[in-house]
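To keep things simple, chains are lettered A, B, C, D and E as they appear, and every chain counts its residues starting from 1.
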Amino acid sequence: MGQITLKNVSKSFGATVIIPEIDLTIEDGEFVVFVGPSGCGKSTLLRLIAGLEDTSAGAIVIDGRDVTGEAPAKRKLAMVFQSYALYPHMTVAKNIAFPLKMAGEDKAAIDRKVADAARILNLTNYLDRRPGQLSGGQRQRVAIGRAIVRQPSAFLFDEPLSNLDAALRGTMRLEISELHHQLKTTMIYVTHDQVEAMTMADKIVVLNAGNIEQVGSPMELYKTPKNLFVAGFIGSPKMNLINGAVAAKHGAATVGIRPEHMQISTSAGEWKATVGVAEHLGSDTFLHVNADGVGPLTVRADGEISVRHGDTVFLTPDPTKLHRFSEDGRAM
Amino acid sequence: MGQITLKNVSKSFGATVIIPEIDLTIEDGEFVVFVGPSGCGKSTLLRLIAGLEDTSAGAIVIDGRDVTGEAPAKRKLAMVFQSYALYPHMTVAKNIAFPLKMAGEDKAAIDRKVADAARILNLTNYLDRRPGQLSGGQRQRVAIGRAIVRQPSAFLFDEPLSNLDAALRGTMRLEISELHHQLKTTMIYVTHDQVEAMTMADKIVVLNAGNIEQVGSPMELYKTPKNLFVAGFIGSPKMNLINGAVAAKHGAATVGIRPEHMQISTSAGEWKATVGVAEHLGSDTFLHVNADGVGPLTVRADGEISVRHGDTVFLTPDPTKLHRFSEDGRAM
Amino acid sequence: ESITIATVNNGDMIRMQKLTDDFTAKNPDIQLQWVTLEENVLRERVTTDIATKGGQYDVMTIGTYEVPIWAKQGWLLPLENLGADYDADDIIPAIRGGLTVDGKLYAAPFYGESSFIMYRKDLMEKAGLTMPDAPTWEFVADAARKMTDRAADINGICLRGKAGWGENMAFLTATSNSFGARWFDENWAPQFDQPEWKNTLQFYVDLMKDAGPSGASSNGFNENLALFQQGKCGMWIDATVAASFVSNPKDSIVADKVDYALAPDTGLGKRGNWLWAWSLAVPAGTQKADAAQKFISWATSKDYLALVAEKEGWANVPPGTRTSLYENPEYQKAAPFAKMTLDSINAADPTKPTVKPVPYTGVQFVAIPEFQGLGTTVGQLFSAALAGQMSVDDALAQAQSVATREMTRGGYIK
Amino acid sequence: MARAVSTRRKAAFTAAAWLVAFVIFFPILYTILTSFKTEPEAIAGFSLFPSWTAENYVEVQTQRDYFKPFMNSVVISVGSTLLALLVAIPAAWSMAFSPTKRTKDILMWMLSTKMMPAVAVLVPIYLIFRDTGLLDTRIGLTVMLTLINLPIVVWMLYTYFREIPGEILEASRMDGASLLNEIVYVLTPMAIPGIASTMLLNIILAWNEAFWTIRLTTTNAAPLTAFIASFSSPQGLFWAKLSAASTLAIAPILIMGWFSQRQLVRGLTFGAVK
Amino acid sequence: MATRQTGTLARFMMAPSVILLLVWMTVPLAMTLWFSFLNYNLLNPGNVSFAGLFNYQYFYTDPAFFQSIWNTLLIVVGVLLITVIGGIALALLLDQPIFGQGIVRILVISPFFVMPPVAALVWKNMIMHPGYGVFADISRFFGLQPVDWFAQYPLFSIIVIVAWQWLPFATLILLTALQSLDAEQKEAAEMDGANFVNRFIYLTLPHMARAITVVILIQTIFLLGVYAEILVTTNGGPGYATTNLPFLIYRTALLGYDVGGASAGGVIAVILANIVAFFLMRAVGKNLDR
């Protein structure tokens, strides 16, 4: 069980309003990702749900129970912190056992549950180590272990992978997804990493300055962003946004086209462009070009393409993948 | 000017040999990237060049002058540290001016050069701030500013972007490339980030346990890795490496195929595979599949593909993009 | 029943602690708890305690200075149960006089002392002089200058210079008496502006400059003792108890060359010697007055003297309290300075200490509560004069104003 | 800076450092040496080679039993330190993890209480102690020293606690720990190095406190400071005996300090090091 | 972090310390304040009467008053100068690679463990004594007249003794600070061409600013109250040369037993200490907050 509802929740620190007013429902078993630029209030929102901060107004309801005034420990939620927040003086086993010990479970039950969690997370061989003797990924897993032993009604993750290097991040990402498949517990996951949001979420909540810009599945957000903010935020590299004449031609204030949705040719096409920096990644090449009458664009091309700084290329946007936005930034 | 040659350079700490023996020439104006797994000796090599460590044997020659015994300050190199190593109590202007002041330049010259550097790096508005009041990217730029004012014969960068978040890393990456275009000074850049190495380097040096595994342009390494180590290290997601029967069929101990070099179809193909996790990034989808008789593979598919956990797909590797490796791991 | 006894850390007191088995054997129901402290700290502690009625002590070791003041405050119990065979009349009258208030004995002397001259016979001879039994200051100064041989590290005279009411001021006050000076006139007006004081201080400073050791302004009893024992002083005017130290061959290289003379005078009828007794008293607040008196009676009795003589030899008997001791031939034999000590003690008169009349008692102190603070402050000034940091005139002028200020505050000067 | 340091350079620095260390340590060394001299030897001029007599120690011990004041010193300094920690840990916790606008001011105010000159309040304190029956009791002295050192303890702990990431405490809260559990199981063990160094410093300060320990005790609770006071400047030669007594009084704390110096050094930062 | 619950709890947890210190601060202070308005001599307890501001006037007009304040400041400033400069020098020295570093450090920190009266006794009797002191022996060895330290340079001697006791403390804190200096910063400066002196001036010293602040703050608190060393060595003299405020109060309280006067002195000292503290916090608080 783990249905979480925020009703008119708002939060201010002193006179600064961080979260103006939010309504949100998270269904049981869902994997919800909060994304948004730095400082938009993602962590604050998570901490409100956890009970680590007081709401300024509104109610938080978990499984039908109003928990707004309750202490964190009572909410049956588990949280994985960005810094992992492991207890450095305890062994891995003790770290994982800590919540059970606090709940007053008996020794045998604790041992069994810790062993289970360790098995699931591949930590069995490390149970006697201290966090200081573990690698980043292992620490991460201990933090998750500490969260899962209690069988909480929901997990809260605050940028749990941001301290890891790229390779490890990929692996851990898969592991967490795997875990969600296995446990089917509600998870709320904060990140500002594109890839994490897109690959892990059932539902993405895009936040901007404390407001919810759009809620939907990753592909929904990718394909039909509700507004310019979401359009610019989801997708990597960023969607190209074009104003002026080109946009007007399509009857919009702004049109957007993703780098991967343009045909590139050395001979002919809709837009003529000069190549600036070409980033060869092997698998792909990202061309930073300047298109006449359009402006700077990023285009994704094949990894094998061989163009150089200063070459001229021709681009043809896929008209079905064109996004149109009105004056006030809303999708049309 | 900035030609750097290492002749038979080796380095041990006590009894531990970190760098067995290395020969390397870096041409004037080149952008050379050192990559390799953690602990392989990248930083050590850079510090040897900088003069922050003594060589155990061998010679370091800069622009034809043997500098092996010289103090760091005399080598006319500038270094940008991973932690930036800014002077926390000095303003940005003072930080940038510091090397000039140490060189005894007069006030007017210093001011002019600082202003120039600030302009190039877009720091003009921050000159009076302290490092503590800057964002990560700005700090990074101050560190670079401190390096460029002196007009060194070469820049040394030790993982300068690893402390930044993904988005900023992308921006700064471009900025450094830009800077290299502008200044045309030799740059040696240490990283373990794939993307950085591939996109920035004129020449990549792949290190492994203190040995040079391969030196070449990014595309050279991508297309023709000399051995299994380089093949596995360059490219993201990693090259799929297949042993056993499939490899034998191609007359090799191991064959490698990159995720982007396989055709995917729901109807027919060379290998039949079951889909595990599908990571939808919007622009692409990474399928983690298990191919019968081959093993687990990662495949890159179109962003629009709609397959689910458990579906069956068929894969056809592009035979021209197949890499063959002998028993001892060398490319054939 | 256990009683707490506060004592100073001087040799005689420490010896007493070692001998308490004798007391506890005789009084098995009384245990003794000792608090041994350095003199200044002890004085501070017991004064605070008695004045605030802290009740921490049952027996206190106090000096001739405190007894009359405290007795007047009613802080001390009169010693009326010392036992039949105590023989209070045997106590040397001068000493007893200082401990008696309104006819009642408030403290029993444990040891008493005056001051006299200790000098080196050999050096005196070398200087071609003979020390009379009762020398004048003139003679002493002359002898000191003649004996001085700085090259051989010999100083003609060592005198106290360290600031403190019980340090340099004890010596200087006693000396000033012989110069006809006094602290206060009959109306409590300070007298430092009078020529007698100027003479005293100038004489002292000049003499020390010509014939004193270096660093004299920080020399107290112990420092001078060490100097004398090492043969670096021709003469030393200080407490009579020092005699047993300087004549002890174990510590003193000049033990066999010492002789003694009365403290000098200037012919005005008063000698420059003082009178002091460390005495045991019972604070009024104690619950254990009987036990305390039993202890005091034991510690200051003739039997105790005999006990010490038996265990440690006659030379180590606490001096200066009982006439009978000085009549004991064994003691006279063991302590060659015995007669001179007794003469010195008898030469002091705490009730009429000065040439001109004064409203106070005390030879080397003024028995008023304010004296400790005032004496120390004046001592600092005189010590500065000795160190050459201040002129004699300035020191006296400042002393005069400080004293006037203090006496005014105390309500002595209306 | 892992460049090879030339041995000559190292030797030069070694010589300089040892020389300075010797000069700084000399007064203590000389005290210890003097304690093994005879009295006449002690004043006979500079000599680093005593006759190694133990006579002074025997004398000191017969004059005044060492063990009781030693035990009092131990009990009082350790007791007051533990008591101070008990009171200060919660306070430091709330200052570090739930700071308000006034937290800094409160801290500074606490420190300023240490600036009150002790002698000025001797009589009031003596009266209070007299009336509460605390004179010459270990408890009284322990409380006194606790109060004196409390501000420093709070400050030190506060600076250590501030370095502990709040997230860890929050994690424990999420894990269902009550406040007491949070402090007992998480905060305190994590702050052990800091707490240990605070303890050490305060034991040293309490051990060396020489005003109240002398003025508020007589026999039962008198610690080593009072022990020393019974050997300073009696009549007669006392330098060697005083040295022996001094050596006895400082030896325990000196040895403790030597053995725990790493711990002490590590923690002695008062938040001065970031 | 701060929810209402934890906030309330925090206040509650802080209460014991605050209340204890408040009681400790106010009760004796209130009594002191009360006594300061009385004619109250311990040796004359029957004669207590209201004195108004007389005690203050009396204390203030004490001939040693101004000099004692001056001496108090001189001791604080003198000791701070010696310990901070000496501490920096020592920290730099101990930070170098040397043989036997552990032992050297043990030796250097030892004075911190010596109780102040013992330290004073040792210095007075065995080091600075003009007759038997080691300094005197050294002077004589060179054929010089031994210096009578406490008579000729009394305040300086006191400062030396107190500085000796506090030097280890300063050294330790500064050394820890020094060692926390980021190695990469030093290397960066080296690459930038800064020599040892420049690195010290531009890098090390600013880095240690905070530690120096802490040393100043803590030591000032203790140095304002120095008196045991004076009592044991010079007794405030010669003249008033080494009488500082605490000693003046001591003299009033425990030699004159003038409780009223000493209380007035105590109140004055508290006010002065708070003025010092105020300026100190102003100057220093900023530095601490960083």
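What we mean here is this: a residue touches a chain if its C-beta (ideal position, glycine included) is under 8 Å from a C-beta of that chain, and two chains touch if they have at least 3 such contacts.
Protein identities per chain, from UniProt: A, B = ABC transporter ATP-binding protein; D = Carbohydrate ABC transporter permease; E = Sugar ABC transporter permease.
As the structure is a prediction and not an experimental result, all values here were calculated from the model.
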Taking each chain's C-alpha mean as its centre, the one farthest from chain B: C
Of C-D and B-E, pair with higher C-beta contact tally: C-D
Chain centre separation (chain B, chain E; CA means) in Å: 55
Computed distance of Cα centres, chain D from chain C, in Å: 39
CA centroid of chain A to CA centroid of chain C, Å: 90
Distance between the centres, which are taken as Cα means, of chain D and chain A, whole angstrom: 53
Residues of chain A engaged with two or more neighbouring chains: 52, 71
Numbers and ranges of chain D residues touching at least 2 other chains: 1, 43-44, 122-123, 127, 170, 229, 232
Per-residue overlap in chain C, given as positions that touch at least 2 other chains: 44, 48, 52, 226
Residues of chain C defined as touching chain E within the complex: 44, 47-48, 51-52, 69, 73, 162-165, 213-215, 217-218, 223, 226-227, 369-370, 372-374, 376-377, 379-381, 383-384, 386-387, 389-390, 398, 401-402, 405, 409
Interfacial residue positions of chain A with respect to chain B in the complex: 38, 162, 165-166, 170, 174, 177-178, 181, 192-195, 198-199, 218-219, 222, 234-237, 258-260, 277, 279-284, 286, 288, 300, 303
Chain E partner contacts - residues on chain D that touch it in the complex: 1, 5, 10-11, 13-14, 16-18, 20-22, 24-28, 30-31, 34, 42-46, 87-88, 90-91, 93-95, 97-98, 100, 104, 106, 108, 110-125, 127-128, 147, 150-152, 154, 166, 169-170, 179, 204, 207-208, 210-211, 224-225, 228-229, 232, 239, 242-243, 246, 249-250, 253-254, 257-258, 261, 264-266, 268-274
Residue numbers on chain C that touch chain D, as the complex places them: 4, 6, 8-11, 14, 17-18, 33-39, 41, 44-45, 48, 52-57, 220-222, 225-226, 229-230, 241-242, 245, 251
Touching residues on chain D, where the partner in the complex is chain A: 165, 167-168, 170-178, 181, 185-186, 189-190, 192
